[in-house]
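My structure is below; once you've seen it, I'll send some questions.
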Amino acid sequence: MMFRCKEYQKHDNLVSSVTTKMKGVAVTNDDIWDRILLDAADHSALSQGKDSFFVVTKAVVTKNQKQGKCEEGPDSGTICSSDEDCTKEYTNPKSNGVLTGQCITFNSSSVKTCEVFAWCPIEGTRDAPKSAIFGSAKNVTVFIKNNIGFLNFNYKTRNILPWMNDTYLQNCTFNQTTDPYCPKFRLGDIVKAAGEDFTEMAVEGGVIAIQINWECNLDWLLHKCVPEYSFRRLDEKNSNKTLFPGLNLRFARYYKQTGVEERTLFKVYGIRFDVMVTGKAGKFNTIKMFTYIGSTLSYFGLAIFVVDFLLTTYIPRCGCKKEVKSYYTEKKYEAVEDQTEVRTGYQCCYIEVNEKRLAGGPHWLT
Amino acid sequence: MMFRCKEYQKHDNLVSSVTTKMKGVAVTNDDIWDRILLDAADHSALSQGKDSFFVVTKAVVTKNQKQGKCEEGPDSGTICSSDEDCTKEYTNPKSNGVLTGQCITFNSSSVKTCEVFAWCPIEGTRDAPKSAIFGSAKNVTVFIKNNIGFLNFNYKTRNILPWMNDTYLQNCTFNQTTDPYCPKFRLGDIVKAAGEDFTEMAVEGGVIAIQINWECNLDWLLHKCVPEYSFRRLDEKNSNKTLFPGLNLRFARYYKQTGVEERTLFKVYGIRFDVMVTGKAGKFNTIKMFTYIGSTLSYFGLAIFVVDFLLTTYIPRCGCKKEVKSYYTEKKYEAVEDQTEVRTGYQCCYIEVNEKRLAGGPHWLT
Amino acid sequence: MMFRCKEYQKHDNLVSSVTTKMKGVAVTNDDIWDRILLDAADHSALSQGKDSFFVVTKAVVTKNQKQGKCEEGPDSGTICSSDEDCTKEYTNPKSNGVLTGQCITFNSSSVKTCEVFAWCPIEGTRDAPKSAIFGSAKNVTVFIKNNIGFLNFNYKTRNILPWMNDTYLQNCTFNQTTDPYCPKFRLGDIVKAAGEDFTEMAVEGGVIAIQINWECNLDWLLHKCVPEYSFRRLDEKNSNKTLFPGLNLRFARYYKQTGVEERTLFKVYGIRFDVMVTGKAGKFNTIKMFTYIGSTLSYFGLAIFVVDFLLTTYIPRCGCKKEVKSYYTEKKYEAVEDQTEVRTGYQCCYIEVNEKRLAGGPHWLT
């Protein structure tokens, strides 16, 4: 029982390093307006951290924006009837610029909005915004390299396992049942494994966790240390109550053709994948076993009886009395809380006791 | 007492996902040189992580830099009197380029500096650097979406609470006293809540933490799980002893007008906001209660008396003796440390016990 | 023993903020093709998080890519003999674009590959890719500012220590033996301290951790709180079994010269430095000492004897009986696990006890 539960194993925190590499392209369908293609280089600028990557699934593009003056969009809270409604130099959080103090006609309609100094034209004011889905994004693959270390055990390993050769790595694709250790993932598969539909999720974007869990047994006999991958959606699927559903972000490419700066604005919807690494390593730990037995015994009120019995019966046979003291001294150190340091060096009596227990019989626990 | 302290609740780690969205513009005042406007798209490139965002509060701009040869600035440790002082191909950390081996006149003054191959002209060497404050940055708002999960409890929630509708979300602004749950924050308010002055902090920049703390009681009766927001400045305010006070960073926009690459260099000072999520969920946990009582009793030396009394008096009445053993077996597993796994399956006596306890009276522990 | 092990100190988690600032340039050697120079502004776009920075050590540059149609590279799994091998609109993860349905001659050789819609020409298809090493990258320095706080102790500090003045900070460079507190690091030194060779690591890149460990004793008498720096390589050095050895990433600079967008593609190899902050603060904690003594006693079966003795002999002398109860009540709260909250208010007996203990003698527990 005790061994099955790994109660007697010392646990340790984890040091982890993740690098990710996307392969493949996200491209809009052929039949829609200007085709957009985003490859790994385009995507790398959108990464939001070393344990995270982002794939674009939808985009709204506004070309040829220049800094200057133009009419604000009517949804920005700046509809006006006269210049007095437009306080010069005022900015509000919904606005895309700073008010110039003028109230002007919005896009040759009957609506008037405040003029702003901004990147002009404002997104969506001149033409109806055109959005396009990047269907091929689900075929993009990502190669995740994860190196971990359990520092106290001086143990390092990684998710590229010893038996994986180049041919395997080049051709494998992760699959929960048939290939659960391949570190190359098709994005569509990840989304599916998280219980979501890629096409549905592509519309508004979202966040998905790629969890890598290391449950390692570093004992000599039962050694095992392999990653376990799982996937879950982190944000709220049901978006009808969210002001900003899913996940989208804006970025721009800046150009100068004839001395004047201009930019192309991209509003991109997409899926952010967060790699989360957790882990626990265990190794047989005598100190904890004793503490554990001690606390259990004391609960039952049997402590006195057992300690008396052991001290009077077994210890004298052990032949290493001076270790006994050092053992108890050490035990104090570890008894109260899970310290990360470990001491060794009280083998003798420990083995004696242990063997007795393994041999069973009425002597050892009472 | 025990219940007030939640000693008997099982605790669990947190999985969290944060997305942030800035609205509004940072713009320099009208009366200073070339007006600069930075909107959400410009800012998104400056984000340093998925839980972090950056707002520019001051900028120094150097236009039209090209890769080539020019004089180094005199503060770079490369003041020279002859070519011999300028070792060809040498780079030092303070320098902006690699030495060409020439010692040339700095900016038609009497000072001579080593010539470098670098992005030329070097920032601040041709004209005195002009910096401008982005006053409107304090009116920028950020919408923070935070989804959390307590996996062991299979419980998910988010900071957009069930009662919030679209109208509320569109119009609310966080306020510690009047609106402590609105997930939309005005940057000026955050800085103020952290005890700092925005205008003062804008000059050199800094780092502010937005802490979201979830203290959740997942018991059926006392259910509560809402976020609590707090703010603090993370870096040192008093900068007079810091070589690099506050926070600034450099970025560039690259252009090609006639085949030659050039760039505009921005040195921007600003405030980085780090969103930090912490949390704890609790649920009534019988195992821990027993452990707790046990350890308390043993401290007082009453363990023997109580256990004797119980074993001889109450257990026989329970009518489910075989569960008792399995209960103790399970208890061993959880007694020593706060494992994240939970076992179930010792309902009989446990429910018996529970009901007895709730009913009060002397039977409570059995 | 107890005091040496700091068993009696309350421990606390850490809030940390890191900002980094690179100085210096990475530049290719003079004699190789077009010289490339990357300075701090160029590098800042490559940062993958607020606790992380990246230095380029090798680059492969592909200039003048435009979105259009061209032949795919032969290593992309798209070698074909006729158009039928090239399914229109198909994308595979190894491909750099989407197939047009044509099978065309690859680079005037006898090999034919599928034509793709992509950023053309594909990297490495027209000319043999030319790569260049940035030797000076090892002289780049980074200034790391780390502010930490132990919130429960209401204690803040930072890695710029009180005795450091501007002159020191401007001129110092970290050195494990001669200058172990200087917060300015030469990248070459970091790599060396991690046991790696910079020139060797530059070829394929990698990940190195900069660990900052704070072991703080916040007791009044023994106050000490300084950072300890250590360095280790996080990824696998031996790359012969890795499909994607080391660390490389792609980024692009976008231009428009005459209305058509083009880009320069950079495949850069480099070293990512991850700053990891850990820490522990301790302060003398009477509650824990009692718990500790209690649990030790009960293990030896001496609890009854000692408690009896104390209760009958010493407590009556204490003269603050009503505090005794409150002390035990409080103790319950802290006994079972390491809570982060702390209660105070049982001064009387506690001080009594404490003084007795410090004075030594047989009265030590009272």
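Letters A, B and C name the chains as they come in the text, with residue numbers starting at 1 for each one.
Everything that follows uses one rule, which is that contacts are C-beta pairs under 8 Å (C-beta built on N, C-alpha and C of every residue); 3 or more make two chains touch, one makes a residue touch a chain.
As the structure is a prediction and not an experimental result, all values here were calculated from the model.
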Pieces of the assembly without subunit B, by contact: one piece
Interface composition of copies subunit A and subunit C: same or different, split at half: different
Geometric centre distance via CA averages, subunit C-subunit A, whole Å: 15
Contacts with two or more other chains, residues of subunit C listed in rising order: 45, 49, 254-255, 257, 295, 298, 303-304
Touching residues on subunit C, where the partner in the complex is subunit B: 15-17, 19, 21, 23-25, 27, 30, 35, 37, 39-42, 44-45, 47, 49-50, 136, 139-141, 143, 145, 147, 149, 158, 160, 162, 164-166, 169-170, 186, 253-255, 257, 262, 264, 294-295, 298, 303-304, 306-308, 329, 332-333, 335-337
Of subunit B, residues touching subunit C in the complex: 1-2, 5, 7, 45, 48-49, 52, 67, 89, 91-98, 117-119, 207, 209, 232, 234-236, 241-244, 247, 249-252, 254-259, 261, 263, 265-266, 272, 274, 276, 288, 291-292, 295-296, 298-301, 303-304, 338
